[in-house]
Amino acid sequence: MNSDQPPGPVEARLDRLRGRALPVNHNARTISALAANPGCPRRALMDAAGVDKQKIAAHIGYPAPFGQSRFAIGRGNAFEARVKENGAAQLLALLREHLDLDVTEVGYTDFNDVAGNPSRELRHVRTRQALTGQDFAPRTLFDHPLLRLRVGGRHAYLEPDLIALRLDGSFHVIEIKSFPVIDGQADAGKVAAAAIQSAVYVRALRDLIAEAGGDPGRVSHETILIAPRDFASQPVAVSVDVRKQLGVLDRQLVRMTKIADLLEPCPATLTFDLDPDRDGTPRRPREELAAALALVPASYAPECLTTCELCFACRAEAAGSTGALGKSVREDLGGIEYTAQALALARGQLPSAEQAEIAVLLLRAAQLREQLLGEVFP
Amino acid sequence: MAETIEALERRIDELRVAVREAVLSGDPALAKTRRAELKRAEQAWEDALAVATVSAVPAPAETVSGQAVPEASPVAGPGEPGSLLPLREQVYEALSLLQVPAAPKLIATVHEAFFGSTFPTTRVTSLKRDEERSFRTAPFARPYYICAALSADYLSPSRGLLAVSTWPMERRVIGSLSPRVDFLTAAIRVADAIERIPTPPVTARRLLQRFAASIPGASGGARDQVKPDVVRQAADAELSVHADADSRMRREAADRARRQLANAEQLFGAKLQPVSDEAGPNAG
Amino acid sequence: MTVLAALARAAAAATGRALPTKTVRHVHLSRRPLVLVAAQLAGEACAPLAVLAGDDREKPHLLVVYEPRDRTQRFAFAADLAGIILSAIDRHVEDDGDPETPYPDAPQLLVPNLPHVTFLRLLGRSTRFRKTEGQHAVPPAVPLLGRWLTYYAERAEVTPSAMLVPMTAALADHWATGQSATEDANLAALLGWIDPPDGMSGPAAARAAEDPVRCPPAGPVTDPTFDNEVLAPVLQAMREAALAGDDARLARARASMDQALRSQLESTWALMWRAVDLLGGLPAAAHVEQRWLADRRSFTNQVAWIRDGGAPQARRDSAVAAARRLARLEREQQRLAVERAYDDPLVMAEYRMTGEAFAGEVTEAEPARLEQGRRPVLRPWITVATADEVLFTRGAVLKSPVRPAQQATVVDIVSPGATAGGDARTRIVLELKGGMGRSLTPPPGTVPAVGEQVTYTSLRDDFQPAPKFPDIDDTPWTHGGPPPEYVPDDEDAREDWS
Amino acid sequence: MSTKDAAVSARAVTDAILADLAKAERGVVVDSPPGAGKSTLVVAAAASLAERGERVMVVGQTNEQVDDLIDRMASDHGVLRIGRLSGQDYIPAPRIARHANVTARTAIADLIDHPLVIATAAKWAMLNGLADSGPRWPWAIVDEAYQMRSDSLLRIAHLFDKALFVGDPGQLDPFSTVETERWLGLNWDPMSSAVAVLLTNNPDVQVHALPVSWRLPATAAPVVSAAFYPFNGFTAATERGDRAMRWNTQPFGMTSFDLALQTAADSGWALYELPHRHTLRTDVEAVDACAELAARVLLRGAVAVSEQGRRDVTAGRIAIGVAHRDQAAAVRRALAARAAAYPVLSGPDRDVTKVVADTANRLQGREFDVTIMLHPLSGRRDATAFHLEAGRLCVLASRHRHACVVVARAGIPELLDAHPSAEPVHLGVPVKFPDGWEAHQSFMAHLADFRVPGGV
C-alpha cells in the first residue's frame, strides 16, 4: 500500500497523524469524495493521511450516519452478476448496438484473481500486461482489472467493474450501477457519482498506459454506464462524457500533493492514533482524541451530512455558527459568522464598520417581524 | 426452565434494537455478540413454538447464516416439485444437455427448464468441493465427477464454472474466447433440446428467449415466439467467426494441461500456493 | 432565502424553538385528507414494502408485500392500494352535475416528504401502462391507479396545487427552524423544532429524531440497520417456511413482518396527523380557497378524461406538451408569488425589505382630482409617507393588495432629507386609476383616506393572456415534426417489475 | 490581424453564408462572437433575400433589439419598405420615427405586402393560428437565437419555411423560475435555446461562425476567445496600435482609481482589487468603487481613439455591469449621489447618471467604449451555479471597445479552489463548454497581471 519511495517528511508526518492504524485504502468512491468539500482542511488532511474517519467519529461519540442496506448491496451484486454471466452475453449485445462493437470482439478475461491468488500486486501486474498488450490473447472485456492511482503520498488500488477495448483500439471504462434508468432519465446525483468514479478509472488507466509508453489518449473520456432499464433488470447502456469530472479530479490530486501547506500549522506531535488494544478496541481517551481533532480546522456545511463520516462531530462543533444553518443563510446574513452576532445586530447593537450594511438590514428585518408578529428578539 | 413465548418475543425485540444500536454506534464487535444472542433467542422461540404447536416442523431445506445476503438464495414459491435425484445427478443431467462448462446459475435454470426441478445455486458450489474430496480419497471410483473448468493461461480452476470429468480436456479449458463460444454452443444445445420436446414448457422457451436476446439475429423480430432453428442458425453464424481461434487456443492449453498436471489437478485445477482462504480449498 | 427568513432561522437557533415565517396558512387542508406513508425496498427502482394509508387517523390501512421482488405480489399490492385511493376518489365524484362545474371537493393526498412524491410517481409510471387482459394481465384497478398516481405526481409540480402535499415542504414553508434546510427534510426533526415534546428543546427533539431506532425515518426508504437486522431475517424466515411448505411458520413469519413494518410506519403516521393539526391551527390565507378551486377543476377534468377513455399520460412530454406545461408552471408560479404577498403581510415584508413594496400612512389625498383632456377623467392623487426604503422611480406602476382593481402610478418621490420638520419618512405621491366606478367622484372607500395605512407594491396580479401553442399534429420541423401517436404495445405490458 | 485582412476574411464568411442561404434546404445557423458584426450580417441577409423577391420576417427578442435593427436597415437600405409589427402600447422611438420607409402597425394585415416585417418573438407568437391557415413567410431571420428559448421558437416556427438563425453562443442561456428537470435530455427541451433544439432535430443544418470581432480590442479578443469560445475561437479585427485611450486632463496625484484607469487605458484590462471580506451582494465599497471609476472617466475626459477616429467617451458609452438587479439599483444610486456631489458631472455628455448600470442579462448584445464590471464572485463566501455561469462572465467581459475594469474583493481564486464540484449529471444532456469554473479560473489568471490594490 505504501508508496514505493521511502517516505519523505510529509509522508512521515502523515504516518504519525494516522498512528498505528493501517492507512484506509482509497477507492474510486473515496477519491471522488475528495471533491465533495475541497475547502475543508480537516477532511483533506485526514484523507491524505489515510485516517479511518469512520473509526475516529465513532470513538469520539459521533458515529457516521451512513449504513448500507444489504438489499441495496444484494441488488447491486445480483445485477452486476447478471450483466456478466455467460461471458457477459447481455453486455456484448448492448455494446454491439451501442459502440457498434465488432462481432469478432468477444474476448473476455477475468482479473478477479490470478490463478486463484487474489493478491492485489499480482492482479495489478497481470492487468498491466494485458492492458499494454504484452500478452497476445484476444481481449475485449476486462473483468475487474486492478489499476493503481497515486493519491497524496501513496498508491490506491482501483477496481473498475469492466473495461472494454474497442476494435479501434480505444479503451472505454464501463461502470455497472443498479440504480434504474427510467424513460432515459436517472437520479442525477447518482449519475454524477458514477461519472466521477469512472473519471478516476480513466485517470488511472491513462497513467498506466502512459507509464508503459503508450498514448493515454487511447483511453476515451466517453465512459459507459450500464444500469437497469425502467423497472426491469434488463440492462441499458448510456455513454457519459466525463471530461469535466476529469478536470475536477486532476485538480484534487494536485491539491493532495500540496498537503504540506495544510500540515504546516499543525503541531508536530498531532496524531489521531486510537491506541487500539490487541483485539482492536480503541483505548485512547475520547476527550484527548476530540481535542486532537479540534486542532485541525473544519469547514462544516450541511452538505457534509451526506458526504463525510465526520459530519456529526463537525456539526456539533459548528453549533451557533451561521454556516451550520446553510450556505444561503450565511450569505443572507452578510457573511456574519455567529448567529448570536446577527441577533445582537438585529437588536440594534452598534455594528463594526464591516457589519454596517448588514446591520441596517437586520435591524429593519427585526422591526418588521416585531411589527407583524409582536416578536421580540432574544 | 425455558422462558415463556411472550417473554422470548419481548427479548427478541429488545435484542433487535440492541443490535441496531451497536451497529449505529460503530461497534461491530458488540453487534456480533448481540446478533449471536438474538439468534439463540429466536431459536429458543422457534423451539418453544414447536413444543406449543403440535405440528411437526420439517427441517428447512437449508439454513443460511444471518450474514448471508438473502438474494443469494433462490426465491422458490411453496409446493415446487423437488427432484428425487441427488444433486450431483441433477447437475450432471443439465451439464450433459449443455455439453459445455457452465455456471451454477445456468445449470440450475437448465435443469428447471428441462427436468422440472431446481436447486439452490449455493449448494452447487459446495458440490464441487465434495467431488474433489471424494476423487482424492478414491480416484476414478465413480463413473464421472462434477469438476472444474480450467483457465487456459494458468490451468487454475476458472471461477464459478463446472464441467464433467469425462469431457475431453479441450472442452474443459477456458480461453478468452471460450466464454462466448460456450455460450453460443449452449444456445444451440438448448434449441435442439426444445425441438425434441413436443410441447416445451414455458420455462424452457423463456430460457431460449434469454439466449436469443444476446445473439444477433436470433430473436427474429418477435421476442415472444423465438424459433429454435432461427436461434441455431444465428448462433452457428457467430460461432463460425470465433470457432477456429478458440479451438486453437484450447488445444494448446489442453496439451499443456495433459503434460503438466497430475490427475487430480487435471480435474480440479492447478493451484499456486494459496495466499489466502479466498484462493479456494487447500490443495494439501 | 432573504434576510428576513435568515434572521428567523438565526433567532430560532438561538431560542431553540421554530419561529413562524407566515401569518396565515397558504396551503389548502381538506377536512378529511388522505394520508399515505410508504416503505420501499432499498436498492430497487420502486419495490413497495408496505403502505399505511387512510383518512381516519385512528384506523389506517396497512398493506404489506411479503415478497417485495415477486411481480404478482407487487401487482396484488397495487390493486389493494387502488382499493383505498380509488374509493377516496369515487367518494368525490358526482356525475349528476354538468361537466362544466367542478366537483364540490377533491381528494387531497398528504405524504411525509418529497421522496414520497417520487415514489408515487414511479409507482404510477410502473403501473399505468399495464394491460388487463392477455399475457402479463394485471387486475383492472392497477393501470387505473397508475394513471391517478401519475396525475397526483404531475399535479404536485404545479406550485399552487394542494392535491398532493409533501408535509415537510408545507411545514418548512410556514416555520423557520434553527437547523439547515437539509435537516428540515426530516419530518420528525422538523416537527421537533416546531412542536417539541414537553420538557424538550427544539434541538434536543431534532437530535432524538435522528436516531433511526427510536424514531424510524419517514422513508420511503427504510433504515439500513432495520433492513439488515430486522427485515432481512424475517424475509429469510418467510422464504424458508415457504420452501419447507410449513404454513404455521409462514403465518408466524408474515405476522412478524407485518409487525416490523408497522413499527416503521406508525410513528410517521402519527407525525403526519400532528402536522395536519399544526397547519390546521393557522387561519387559511385569502387566496387558498381560489387555488383549491383550480385543483377541484383539474380533478374534475381528470375524472372526465379517464371516463371518456383518454390515453394514459405519456412517458415523456412531446415538444408541444412540454412547452405548454412550462408556460403553465411559470404562470402559476408567478401568480402564487403575488397571491402570497397580497395575503400575508409577512410575505409582503420580504418585498418591503428589497424595495419592491412599501407600507405607510396616507398623509395627503385629492380624491376628486381630475385630469383635463378631451374630456376630464378621474385621477386622484395621494401621498404616502413610509419608513421603508423605496427603490421605485417616477412612472412605476404599483398596486395595493386591498384595491387590486386600482393602478397607482408613482408621480413623485421626496426623500427624507428633502422634507421639512425632520420626518425621517419618504413621501411618495401616487396617481390612482381604475377601481372607482364610472362617475367623476369616487365612491367612498375607493380612494385611500388620509391616515389610512396602505401598502403598495410592483407585484401585479394582472397577467398576460396564456400563450398559444400549435396543435401536436402541427409540431414544426424545428422541433422534429409531429410525434408518432401513442399506441400501447406489449413492451408496456411485459416490462416485468424487477 | 490588420483591419484590412479582417474585413477580407469577414466578407468571405458573409459571402459563404449568403450563398448558403440561396441553396439551404431548411436553414442556416451563424455563431457570432461578441461584436463580430451580427447586425451587419442580419441586415445584409435581409436585403439580399428581399432583392431575390423573398418576403422576410425578422424576429428580435426585445423591442430594444428590434428598433436597433430597424434603424440599421432603414439607414443602410433607404428604399426597402420595412414593416414594424408592434403591440398596442408601442410608441415608435425617435430613431424609428425618423425613417420614411418604416411603417409601424399593430395588425399584420396592414404590413403583409411589405418585403420586410420585423417584430419581437412575443409579438410574432400572437399571430399564432393553425399552421395551414394564416400568413406565412418563405424566410425568417431570427436574431439573438441563443437567447431565445426553444418553446418561443415553437410558437412561431409555423410562420416560415426556412430560417437564418444568428446569435452568440457564449452568452447567457435562457432560464426559468420553475423546476425544469423533467425535460432534460429531450430533443425539444423547452428550456434549451432555439438553436440547440433546431440543430438536434435537424443535424444537417449548416453552422457558420463569424471569424473576427470588430468590437473587442486586440487586448481582449484572445482572452475572451480562449476563456469562453474554446471550440470556435475568433480574433480581433484590429491590432494593438489601432485603439487607444487618452485623457484630456491629468489627475491631481494618482489615486488607486486613476491607477486602475491608467492600467486599463494602457493594457485594456484592470483588476481593481478591494481587501478580502465577505459582504452582501450590494457591497457598498465595491459599488462605490464602480461609480467612482465611471465618474473619473468622465471627469478626466477620456478620449477613445480607434479606426473609427477620435471621440470623447460620453456617459452613454460607459457601462457598469453587475450580476443582480439590486446591485444595479445600488450602483445607480451611487451614480446619482455623485451627480449631486459634483456639478461638473451633469452636462449633457458628462451626466454621470446616464452611465448604463445594468445586469449582464440586460447588457447582452450591447456595446460600449469602457465597461466596469462588479465581479459576480466579489465578496462571496461560496460560489453558486448562478455566479459561476460562464455566459454571465462572458457578457460582462466582452462589451467594451477599449477598456474593461473589473472591481472585486480579493480571494476569488481561493474561493474557486474551495468550490465543491458535485454538479448533478443528467443523462442525454451534452456537456456544456466552457465550464463556468474553468472560465472563471482562466479569466482571473489573466487579470492577475493587471491588479491594482484599491480601497487604500
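Per-chain numbering from 1; labels A, B, C and D assigned in written order.
The rule is short, and it goes like this: a residue touches a chain if its C-beta (ideal position, glycine included) is under 8 Å from a C-beta of that chain, and two chains touch if they have at least 3 such contacts.
Since the model is a prediction, treat every value here as computed from it, not as a measurement.
The chain with its C-alpha centre at the largest distance from the centre of chain A is D. Inter-chain spacing, taken between the CA centroids of chain A and chain D, is 39 Å.
Chain B and chain D have CA centres that are 66 Å apart.
Averaged Cα coordinates give chain A a centre that lies 35 Å from the centre of chain B. Listed for chain A are residues 67, 70-71, 73-75, 184, 303, 331, 358, 361, each touching two or more other chains.
Counting partner chains per residue, chain D has no residue touching two or more of them.
Of all residues in chain B, those that touch two or more other chains are 23-24, 70. Under the touch rule stated earlier, the contacting chain pairs are A-B, A-C, A-D, B-C, C-D. On the chain D side of its complex with chain C, the touching residues are 26, 125, 128, 130-131, 150-151, 153-155, 157-158, 163, 176-180, 182-183, 186-191, 194, 197-198, 201-202, 326, 329. Contact residues of chain C toward chain A in the complex are 1-11, 13-15, 19-20, 23, 41-46, 122, 125-126, 178-183, 210, 221-225, 227-228, 231-232, 315-316, 345-346, 349, 352-353, 389, 495-498. Those residues of chain A lying in contact with chain D across their complex are 35-39, 181, 184-186, 188-189, 191-192, 194-195, 225, 238, 240-241, 243-244, 247-248, 251, 255, 299, 303, 327, 330-331, 334-335, 354, 356-358, 361. Listing the residues of chain D that touch chain A in their complex gives 181, 184-185, 277-280, 282-284, 379-382, 417-428, 430-431, 435, 438. Against chain C, in their complex, chain A makes its touches with residues 65, 67-76, 178-180, 182-184, 228, 230-233, 302-303, 305-306, 320, 322, 324-326, 328-329, 331-333, 339-340, 342-343, 346, 358, 361-362, 364-366, 368-369, 372-373, 375, 377-378.
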